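The following pair of complexes shares a single chain, chain A, combined with chain B in the former and chain C in the latter.
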Partner chain A sequence: MIVLARRLAQLVAVVLAVTFLAFTAMNTLGDPLFNVVGFVAAVDCDAVEAGEIEDISSQGGTSIGDCVVVAEAREEFHLNESLPIRYGRWVGDLVRGDFGTSFKNRMPVSTVLADRLPKSLLLMGMAEVFAVAVSIPWAVAATYRANRAMDRASTVGAFGMLALPNFALGVILFYFFVVRWQVFPSRFEDDNLAVRLKSLVLPALTLGMPLAATYFRLLRTDLITTLQEDFVVMAKAKGLSSRWIMFRHALRPSLFSLVTVFGLNTAALIGGALIVEQIFSIPGLGRALVEASIRDDYPVVLGATVVIATGFVAINFAVDLLYSYLDPRVRRES
Partner chain B sequence: MAVPLLSVADLQVGFATQRGLLRAVDGVSFDLAEGQTLGIVGESGSGKSVTAKTLMNLLPSYARVDGSVTFDGRDVRAMATEGERHFWGVEMTMVFQDPMTSLNPVKKVGEQIAESLRVHLKRSRKEARDEACDLLQQVGIPEPKKRLTQYPHELSGGLRQRVVIAMALACSPRLLIADEPTTALDVTVQKHILDLLDELREERGMAMILITHDLGVVKGRADQIMVMYAGRTMEQADTATLFSEMRHPYTEALLETIPRIDMASHTRLVPIPGNPPDAVDLGPGCPFAQRCRYCSAACLVDQPGLDQHGDGHACACHSPVGTEAGAAAHVSNLETGVTPAGLDMGTFTAAVGETA
Partner chain C sequence: MDAPVQTDPAEQFGAVVARRLGPGFWIAASWIILIVAAAALAPWLPIADPNETGVGGRMDGPGWSNWFGTDNNGRDMFARTIWGARVSLIVGFFSVLLGICIGGTLGMIAGYFRGFVDRVISFSVFVLLAYPGLVLALLIVGLAGQTLPIVAMTLGILAIAPIARLSRATTLAYSEREFVAAARVLGATDRRIMIRELLPNVLIPMGALTLLGMAITIVAEGGLAFLGLSVEEGFSWGKMIVLGSSPRTLREGPWVAMFPIGAMFLTVLALNFAGDRLREYFDVRELGIGAG
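Our next item is the complex of A and B:
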């Protein structure tokens, strides 16, 4: 219970910190209204308001109507108020479950998130399931015969998978499986779960292969270390088979690095798969975040930030729980 | 002696290193009868643990092994190559030096004891658990039921070594190898563990190989003793003979390193000068010559064979303690003040003077 309360406090602190930073950054670097009426028009309207220009029609194509729109939008989004007050207003809304409204299409941010997040989560889940399902048997097989041909080939293969950038791998897969052989759809299809899964196979592979290589390297190293422990020698002296020793003695205490990196990667994938989302035309959270950033659509940016920060804290909490499952010595401390 | 339970003949174990072949064990032979205890004594690097690991089939695959090991008429080395699955851990088991590291930190004590029973004797989960509980009781662990569900880090060092012993005894082995079973424990606990091993051996009629660097540990407990140095047998005898008619200078030197209760207080213990030799490059003579006060010229060029002194007492030495040759070599070295190997005899006299 205490642990849970502490986690919750941590979550609130993290969300407040990152959203405040995002909020300040977005409001310092640009004005959202530039995107509504255009940069020049917005500057002109500002000048009229300040009394620097008397006749708006003297200024290129800007009309008085534009300035009305600007003024209305300012009113609607409370843009006349000071930064801290606006941030406070935003936090207040958030507490009531209101994520605000997108500047771009006037849709509630919660609707945007509800549309984008499940796709990103599904992609993340598929990539991680693939990576874990491949890396654990792979590392176990390689360590059975450490430094033999299969192990060496695996190490080279893993390096290759790590060195190949995401977009290159994505484009290669896209070319062969979509363009040439037409096995998979060229863009995300949303009709039912089977179709969704199918259209996410290639992107999940693109994300999952370097992850699998990372996990393989970590687990292989840790397994080799564990297999040199005295308790493994003892287990051999008890006449237990290599398979029994590998799965019932060595694997569990060797999973620490893998679990740590798994947690960090998973959290990073929630909103960080934008290159892959771009290549495979998936309307995920990563792309929503990039598009909104470019347009200074900060309600969307902030909404996505809240989701991502929450994901980070939640996943790392899960990782901590996993630690204490893996090693009873951790349990006593918490 | 009847047909021995374990018979080791001319065992050789080598490891190829970049500098050449490291002879970890060189020509070790011994017989061990059912229910008897053999003490193997030597410094680190003497080959005693490698001997144990060879018996237990725990050597890395690149080790080169030669010689024969027979257990109750079965060829142990052949069983290793054939992948016999129910010999080690069943007939022959081993207890290691450090109970802090020989238990898996993430598995419950009960599971670790029960798994041998399940694998080798095909016990059900419940049967294995009940037997594990009995075993914990037998090795003197209080509240055995509660301990079953505990993890190793929740137990003290002494209790952990008892758990390791329970683990080794699970399938009622006929031979238990204990490699420095008390070295890592508190002095106060050491005697308890040694006594426990002795009791269990007696109750079960099990044979035991007790490996130690401390002659005092095997004195009252072993039936026979083998003293090893640089992978070779230096002296081998039944325990009473070894202590009464000690022949090898190395055995004598080992004994002088042990504090005894009947010594005057502040008696200086005599360390053995120098270090064990490089097992890759032993040279032609006796491996102990460089550190020996009985060293003669022959010791530097000619490796002594294992001579019989009657009643199974064997010793590999050109100038054994308590013989004319030994006395002559010692006197000659005292006169010149330096051994043929260049060791200053002053290293010994100062200490000997104080003990006298």
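Our next item is the complex of A and C:
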């Protein structure tokens, strides 16, 4: 219980640090006011009020009205306060589910996120399912005959797969399946679940294939090591079939390592989803983040970043817990 | 940055790993040298001007006059692929260099002094790793601007955390060794021990990881290009792939995207392979890496 509490405290600390970093980056690297109100932010309002700068709003220049907008924005986003206080307010709102309002279309950021997140999750889920479904049988088949032709070819193939950047794979798949053979739609279609799944097949493959190669490499080395262990020799001596040994004795401990790698690889998966959503025009969270960052839509960028980073940290936390639950050896050490 | 976690293929049980680099390493190294040389010498090579339009016709396929074909502005793709290597390689090299300078130093300090300093540094590294790399890169480049130094620096920042972790683990392992204790007994200062005794030992695994790191950053730069956030002026392989990957360009001239993809694939493959071999050669293991 104490271990769990300490872990939870660590989780909270990391999430706070992560959000603080994002918040600070947003506030110091760009002019936060510029991010909120646009070019008007550059107006020297003291000078306008003092009449030193002429009101040239009729020529599309500055006006007293702009200064009101700027002042209101300062008030609304508490830009007069110091950074730590602003961060505190922002986190306070966040905890209550208030992510702020998008600067571009004035929609609550939480609505935008709720609309975009499920598509990204579906995409990543499909990729994971594909990767697991392919890599486990593949690794088992390869280790049955380790170092024979099929195993060697698979190892080389997996190595090559990992050298192909996911966007390159995406473009290649897009070229063959969308442009040449026109098997899949070129944009995301959202009519019903079947159509949605169909338009996610290629993006999920793009994400899933390198993932499958990663899992394959891990499982293969792991299985080969496990098959040399004493308990496997013992099982062989008892006369158990090699199929039984492979699935009931060897695969189970090897799946543990898969669980840890699953957590670590989530970062690669999220980054990949970001890119793949661009290539296949999927209106997911990644696309929302990229669009918002191009338009300097600061609340959306922050909201999306927080969701992504928190999700990633939480997954690794869950994986840690699951791991110590699954493997008694780890439980005892901690 | 977000390297898929890989296991060492050399760790097969019972396999005797000979301390040889093998012919594969030299093939990979030759390709890397060839690309680097071509990129460095690009202005003096007898190739077309990469920005000159109308060198060939619009969307000419690969042929004798234009080896890699031409793009929709009639620019020579062969020349562009060579020039694109410049930005990709510069970004790859300098970001890893930055990561090693900062991350390596931080890791050594944490691993040598331990205690409070170690906790602060390890927590910072943990926080940096809590970001999916591309998201952090998006934040920084989006806010700071899309110039070559900023892109390289951003990817360098991403490289800090994993490198610091490796350097810390290596330092921890070596600080326990007799030669460090001997130096301390002889009255060496911390500074001297770190620079003269520990640094040479930490540099070896770092060096082996440089090539792997370059592969990762070259790909990451391509990823940024797909988010519209690579260098604004000039072009890299990533940016060329983006330009070639619109549905219309793919239909009319797939070679515009495919040649830079091929160049990037072969380079990443060579870097990965040579890096793996070097790591085996110097027997670099992941030395019990973990927080705490």
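Note that the second predicted complex is superposed on the first by the 262 of 334 C-alpha atoms of A that agree within 3 Å, B and C clash if a C-alpha of one lies under 4 Å from a C-alpha of the other, contacts with A are read in each partner's own complex, and residues count from 1 in each chain.
Here is the rule we go by: a contact is a pair of C-beta atoms (placed from the backbone, for glycine too) under 8 Å apart; a residue touches a chain by one contact, two chains touch by 3 or more.
The structure presented is a predicted model; accordingly, all values stated were derived computationally and were not measured.
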* **Combined model on chain A where chain B meets chain C, clash or fit** => fit
* To do: Please work out whether A:Phe247 is in contact with chain B alone, chain C alone, both, or neither, and reply first, second, both or neither.
  => neither
* Asked: First (chain B), second (chain C), both or neither: which does A:Tyr175 touch?
  -> second
* Touching partner for A:Leu326 - first (chain B), second (chain C), both, neither -> first
* **Per-residue touch tally on chain A - higher for chain B or for chain C** => C
* Once both complexes sit on top of each other, what is the least C-alpha distance from chain B to chain C, rounded to whole angstrom? -> 12
* **On chain A, positions contacted by chain B and by chain C** => none
* To do: Using the touch rule from the top, collect the residues of chain C that touch chain A in their complex.
  => 1-9, 11-14, 123, 126-127, 129-135, 138-140, 142-144, 215, 219, 222-223, 226-229, 238, 241, 244-245, 247, 250-251, 254, 257-258, 261, 264-265, 268-269, 272-273
* **Residues of chain A touching chain C in the complex** => 13-15, 17-18, 21-22, 25-26, 29-30, 146, 155, 159-160, 162-168, 171-172, 174-175, 178-179, 186, 210-211, 214, 217-218, 221-222, 224-225, 228, 261, 264-268, 270-271, 274-275, 278-279, 289-290, 293-294, 301, 305, 308-309, 312-313
* Structure fact -> Contacts from chain A onto chain B in the complex sit at residues 229-231, 233-241, 244, 248-249, 252-253, 326-329
* Residues on chain B engaged by chain A in the complex (per definition of touch) -> 56-58, 85-90, 93-94, 96, 98, 101-107, 115-116, 119-120, 151, 153, 164, 167-168, 170
